[in-house]
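Alright, structures below, take your time with them.
Shared between the two complexes below is chain A, which has chain B as its partner in the first and chain C in the second.
Take a look at the complex of A and B:
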């Protein structure tokens, strides 16, 4: 592998990381929104969301990507590969996030909620100050796990023609006729990316623990 | 829009063949990787430090690779080592090897959670080695891990969609062929997604049934 090959792999890594981060940034609040709709048992919307989440959880990222990229233009929404990739990753991760958020919300202790009610906290404040901080803490490990799963699902964007780590590695292998070195390099890069997420979670958690004891 | 689904219905044989291929690919990989995963789990829990460390590195590195990259490694990488398989064999081998690592990790987790008294009782009755793992550890460990194992099977079904990229004729591939033939991406891919959903809901139902049986047996 030449220097240029390494550069193109790292460019791929940049694409993988930014697409994943975009998917996470959009998928986390979207998932929370979906979970809240189910938690509050909004009529009509709640069963619709439940069906949608179940469908999306069963959807393979590749198939979803193909649907977004090829089907949206037929209803008049032409979409570039990069936004299509972000939409695909967001859709596939938000369904899992919704389930994680919902699990944390269901486990939330009723007493605290009632206590907040008893001191007359308005609904929004109750949610923001009492429910959300604890739900975030409870959901964090599962959410980070889902983030690493998202990174591992991200090569699906290859079918849209986006050049991420995996695709860059395939190209290098095709050019040099020696596919194994770029694949192994890609493996190392993916491991580093996944490790980065785990490390970030550990940092956040240990900081929070220090604050809690301080 | 409705006519498009009519065309899909008309050409349903194509999609159903893809569905059947996805089903067999996933079922076979699930079964084989469960067995292989059980062996790997035994290696992970082995008292021999070298064996358990080496297996640990192998399993962890599998869990860091995206499935597509691994499938490429098998498909493009093995020929340079002198092994030349068709895309079907490559896809199946990739699915099996990749998921064996995940199954091993799940079973190890369940093994760790078993009560120590039970394992000691097994030892006291003279079970050791493979017999100990097969008769004492695995039955309760597998029952305990059933929900997670079910999730992993769903993951296998979804991962098998990646195999369309190495030209395995599975469900997503069939949907791509369908959309290229009649140019109706929406109906083709939505139908494929619905069929994936049917498969996954089926797995969830099965997990529920087996879980209820396990509960009864206890």
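Take a look at the complex of A and C:
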């Protein structure tokens, strides 16, 4: 592999990380919103969200990407590769996030909620001070797990013309007819990226534990 | 949770191929009015063309820059055109469906002219000959001619015209009392050639151009065989019915053949020039 091949792999890594972070940043709150709609059993919206989440969970990321990028122009909606990639990854991850959030919300103890109610805490404050901190803690490991899965699902957006780690490795392999070195390099880069996510989770959790026992 | 995760991982594997096949197959039926005609292109000031990212020697990316036969031919057009030409470099999977849905105005790629593709695309004048040959390992003495291919395992790109041409080889083999062996489909040709080299398949079918390039690069590893299908050509394409853009591109291609520029690029990239190509080529 030449020096330029390494640069292109690192550029691919930058694309993979940026797209994943964008998908996570949008997908986390979106997933929470969807989960809250179901948790609160909002009439009409709740079954609609349930169906949507099931559909998105069933759709492979590649399918979603092709749908967003190539099928939407037929109804007059045309978006560029990068936004299309972010939309794809966000849709894909928010459905899984919604289920993780919902699981944590369902497990949340009703007694605490009632206790907050009994001291006359308003609804929003109740959610922000009592529910959210505990739900975040309960959902964190599964959410981080989903983040790492998103990183690994991201090569799907290569069909839109976005050059991520995997696509960069494919290009190098196609030029040299020696696919092993670029794919090994790609594997190392993916490992580093996923390791950083896990490391961040550990840091957050140990900090929280220290605060909890302080 | 774990089952959800497992299922998604599992689906991801096969989905790419399935979706590609589905998109190419079904999107042909959806009609949209978004592909730009020549007038619309001139009015908005730019044309969007799609080229592939790993299809040597036609279009590929080297040191971060697109290059290859089609890219250089496009470079000449870029100098002549009164409008800007935007080049999108994408993997093969979404390329033709993207032209069909109007995402790109033209496919400036080495697309084989096939009957199926003619149903949703209009092909320009051919830019190259692309008759399908077979290639084998140089040290494999069991294959000397077409009839020796009987029962052997063949590697071919999924969704490619080479895959669709296999029945022709099957007919050739059956005429001699042989049969077509098992067919292994790959996402792209570098993988197929890799597997041929290590002996997982016995031969690979691809166009004469791609195979000559392969042999030039790996002389000791591969050896060229014979044609395994009828004559075929490669051409750029626009969305079906986009006649004004088709005529514009055909005018350009005809001029570059006349002044010899196209043949010079063919010699440079494809190793030989094809001066006897027909001006139009349709499969009926």
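One rule holds in what follows: the second predicted complex is superposed on the first by the 214 of 214 C-alpha atoms of A that agree within 3 Å, B and C clash if a C-alpha of one lies under 4 Å from a C-alpha of the other, contacts with A are read in each partner's own complex, and residues count from 1 in each chain.
Simple rule for what comes next: contacts are C-beta pairs under 8 Å (C-beta built on N, C-alpha and C of every residue); 3 or more make two chains touch, one makes a residue touch a chain.
Since we're looking at a predicted model, the values are computed, not measured.
After superposition on chain A, the partners chain B and chain C collide with one another.
Within the superposed three-chain model, A:70 lies in touch with chain B and with chain C [touch as defined at top]. In the superposition on chain A, A:190 contacts chain B only, with no contact to chain C. Of the two partner chains placed around the shared chain by superposition, neither chain B nor chain C is touched by A:135. By the touch criterion defined above, A:94 lies against neither chain B nor chain C after alignment on the C-alpha atoms of chain A. By the document's definition of touching, both partners, chain B and chain C, reach A:158.
Shared-chain residue A:8: touches chain C; no touch with chain B.
When both complexes are overlaid on chain A, the residue A:173 reaches chain B and chain C alike. Using the contact criterion defined above for the overlaid structures, shared-chain residue A:84 touches neither chain B nor chain C, since it reaches no partner.
The single stretch of chain B with clashing C-alpha atoms against chain C, selected from 38-46, 74-82, 110-118 or 128-136, is 74-82.
On chain A, the patch touched by chain B and the patch touched by chain C overlap at residues 57-58, 60-63, 66, 70-71, 74-75, 153, 156, 158-159, 170, 173, 179. By the touch criterion given at the top, residues 54-55, 57-64, 66-67, 70-71, 74-75, 151-156, 158-159, 165-166, 169-170, 173, 178-180, 183, 186-187, 190-191, 194-195 of chain A touch chain B in their complex.
On the chain A side of its complex with chain C, the touching residues are 2, 4, 7-8, 57-58, 60-63, 66, 69-71, 73-76, 78, 81, 96, 99-100, 103, 142, 145, 149, 153, 156, 158-161, 163, 167, 170-171, 173-175, 177, 179. Taken together, the chain C residues at the contact with chain A in this complex read 1, 4-5, 8-9, 11-12, 15-16, 19-20, 23, 27, 30, 32, 34, 53-54, 56, 60-64, 88-91, 93-94, 97-98, 101-103, 188, 190-191, 193-194, 217-218. Put simply, chain B touches chain A in their complex at residues 61, 64-69, 72-73, 76-77, 80-81, 154, 157-162, 164-165, 171-172, 175-176, 179, 184-186, 189-190, 192-194, 196-197, 199-201.
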